[in-house]
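Each of the next two complexes has subunit A plus one other chain: subunit B in the first, subunit C in the second.
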Partner chain A sequence: MDTITTKLSREEIFNLMKKFITEVIGEEFVEEMDITPESSFTKDLEMDSIEIVSFSEKIKAHFGDQIDFTGWLSSMDLDQLINLNLGMIISYIEECQS
Partner chain B sequence: MPILNINHQSVHIQELNQNAPETIVLVHGMFSNLSVYYFSVAPILATHFHVVLYDLKSHGMSEKTLSGYDLESMTDDLKGLLDTLKLKQVYLGGYSFGGLIALKMAIRFPNLIKKLAVIEAPDPSDEKARGIIEEYSREFLENYIENFTDTTKVKMGKRQMEKNHRMYEYLFHQTSIKDDMILEKDFFEDSAINQLDQDVLLLYGLTSNCLDAGKNLNQKIKNSSIQIVDGDHNIPIQEPQLIGEALLNFFQRK
Partner chain C sequence: MSKFLFVVPPFFGHISPTLSIGASLLARGHEVKWFGITSLAKVHLPEGGEFIYPEEDLLPHAEEIDLILKRQDDGPSCSGPEVMKLALEETYVPFARIMMKPLNNFVDQWKPDVIVNDCITFAGALCAHLKGIPSVTTTPVPPDVMGDTANSAPKIFEWQQNLILGLQKEVGIYSDQIHIHSHQLNLVFTSQTFAGFKEKPPHMHFVGPVKGRPNLAAFDWDRLAKATTPKVFVSLGTLLVDIRAAFFKKLIDAFAGEPITIVAATNPDIFEEWPDNFIVSGFVPQSELMPHMDAVICHGGFNTVNDTFTNGLPMLITPIAYDHFHTAKLIEQAGCGVSIRYKRLRIADLRNTVFELLENPKYRLAAQDIRETFVAAGGNNKAVELLEDFAKNNHVLEPA
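Let's turn to the complex of A and B:
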């Protein structure tokens, strides 16, 4: 378990999220994509819900109880989930760290 | 990723609120996976219960298996899951094909199941319900994914399309799922359904093709009640809050 205690910068969080996405959907797909903070989870990254479950688990394993990512996602309705982009997740993690 | 070894297969599970004294197990439907509950219905139930979700064989992140899709084998797997997690008695819910597995489980192991919720279980003798298995084709798949897939309402892109196509191809052309389903066609005629003792909640969509199956079950099961909600076969996606609350009320009621 690599639970962290130090505060990450926006860029560090972005790189970490990119690493998790690569682990979940596979390097061969990520190579074809230009992942940016504007990338939407469902439309651009084409992540389905079981992949988002895996992604949530990686966040939980990394940040521990510091961040309730699954709870945060659960509070969204389907339209909000569809519009979810990487930048929103980075902001949420940043907020939880402060 | 929590993976258990059950009956010599790797099974992906997720648990919420593990410290709660009582447990609800939820079973997903065919071509779906545990995520149908994970972000919506399960968190509502987890406000009061320990919730266990698992991926059926060859679905989600569980191991692929060539055979054993009949209800006997599927309930052997579920029994194995309860044993592995040392759960002596649970509340059980199942959606669509998962609803049939849940029903079979209550018939085979009545002492393990405190209450049963069946969401949109089809009548396996209904040709239309089984028809998707026989009419399978690429065109049909595209139409199915666009209109009926129960994991997301987003139209799929190329990667998802191919991923799902691979799953359908595998399930239909390599496993015994087709034959196993046809063998279950008389399941609703099983007199054991009439002898179920548990309280059973039947949740069906008003415009669903499966509504008659729900009414049929309601007549057969003595301690059943049916709740008909706005929507079609996809009610857990269309009305997750309502379904979650209906299940919570039902399982909490003494």
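Let's turn to the complex of A and C:
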């Protein structure tokens, strides 16, 4: 079972997200990017909808039902999606864990 | 005989199929005119047709139109949600606003029996609704590009609805119904199978690709005839000016000196020199060229997609922005090609994928299946039949 029960720190979540992003978009493309918590999801990481879906699936596989990442995304309006950055995702996961 | 007015946006990919159906309607003796907010070169128009470009009425908007057209070049660097804003809020809605008055004036004067609006050119359907004129919509791309936002992204759905209802109020339509498209007849230029529709609304008719618009572009046929290696057609369409050089540089890196002939539709001036196995011209007679090709590489412009599968050819689609991703998904679903997103396009993958498409027959077979669905959809004949029946059964409402 992949689902974890121990709480992850922000840094651990960040590294995990970075790992997922690398798996989704390919190491070669990640090397050209400087991924930080400020990286915007769609603009800096240039993720398209297919990539976002496979990123969401990785989150689901890892955290199980405790995190409804897709549901969270679909509740956003356009500006929220445009401004969404990695830090916000980390905070969301952190909140869901507590 | 009836009077048909096509209301079109300043994007050739959207105008192109209307020129083809317009040619068929003219040949049947109908009167056909087009209305747009940029001029259209006369060579593109079928004989007997007229393109109305109300230059004088548009003078106050000249700068705005220009800015909107330039803004389209930002598409490739925009994220998905930004493209949605760019398209609806910064392009379609302002275009409709700009078109409305000169279109109303022209319609009052010419009195068309049917207004046919392109799916992103809302002014046509709005004007028809205001004046009680029967209206039809043409959809050159597979519908449902934005997906089911009402259920999957309610806030985005609300944003779309509010923009459109706001536009309708501005032009004097105080209804909570959406009137930017015809509710009676929507002609879609692909097949239901390819578009991935299990069921369809009754007013939506998939007529497949249409053809027959004039295209007098010259081409070096002798050089093509001498080529002995597999021929791959490459097009980036008429938009996307900024990334043209970068795109074709990748092609050169992948295919210079390889046992393949690249036929590229782009302005040759972007490089001083092209490899010997590249045949490059600014304008090409695309429909005549396609039957001589073995595969196609394109970003997903819909007329090239239609020409490709009309000829049963496999495709490498490299989606960049807009509806390209939706089209890429449909191609992979149908198995008639491979999609590699432009931003993640590696030279080695580009080369290997094209050779895979040429060597593995499964892609060509799937492309031929799509061709069958296109032929069965009926094309020009079906479109004309639907339009003539529509004109016969629907009449301009007399003002109350």
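Everything below uses one rule, namely that the second predicted complex is superposed on the first by the 97 of 98 C-alpha atoms of A that agree within 3 Å, B and C clash if a C-alpha of one lies under 4 Å from a C-alpha of the other, contacts with A are read in each partner's own complex, and residues count from 1 in each chain.
Simple rule for what comes next: a residue touches a chain if its C-beta (ideal position, glycine included) is under 8 Å from a C-beta of that chain, and two chains touch if they have at least 3 such contacts.
If you're wondering where the values come from, they're calculated on a predicted model, not measured in any experiment.
Undergrad: Contact-wise, after the overlay, does A:L81 reach subunit B, subunit C, both or neither (first, second, both, neither)?
TA: So A:L81 meets both subunit B and subunit C here.
Undergrad: Kindly classify A:L16 by the partners it touches after superposition: subunit B alone (first), subunit C alone (second), both, or neither?
TA: Neither subunit B nor subunit C is touched by A:L16.
Undergrad: Just subunit B (first), just subunit C (second), both, or neither: which does A:F29 touch?
TA: Touch partners of A:F29: subunit B and subunit C.
Undergrad: A:G71 contacts which: subunit B (first), subunit C (second), both, neither?
TA: First partner only.
Undergrad: Taking the superposition on A as described, I'd like to know which of subunit B and subunit C A:T42 touches: first, second, both or neither.
TA: In the superposition, A:T42 contacts both subunit B and subunit C.
Undergrad: Would you sort A:S54 into first (subunit B), second (subunit C), both or neither based on which partner it touches?
TA: It touches subunit B, and subunit C stays clear.
Undergrad: Go through the superposed model and pick first if A:I93 touches only subunit B, second if only subunit C, both, or neither.
TA: A:I93 sits against neither subunit B nor subunit C.
Undergrad: Taking the stated contact definition, name every residue in subunit A that is touched by subunit B in one complex and by subunit C in the other, in rising order.
TA: Subunit A residues touching both partners: 25, 29, 42-43, 46, 48-50, 74, 78, 81-82.
Undergrad: Of all residues in subunit A, which touch subunit C in the complex?
TA: 25-26, 28-29, 40, 42-43, 46-50, 74-78, 80-82
Undergrad: Which positions of subunit C touch subunit A when the two form their complex?
TA: Its residues touching subunit A are 79-82, 84-85, 152-156, 158-159, 319, 325, 329, 341, 343-344, 346.
Undergrad: Across the complex, what residues on subunit B touch subunit A?
TA: Contacts found on subunit B: 1, 14, 33-36, 38-40, 43, 55, 60-61, 151-154, 156-160, 163, 237.
Undergrad: Would you mind writing out the residues of subunit A in touch with subunit B in their complex?
TA: Going by the criterion above, the answer is residues 25, 29, 42-43, 46, 48-50, 52-54, 57, 70-71, 73-74, 78, 81-82.
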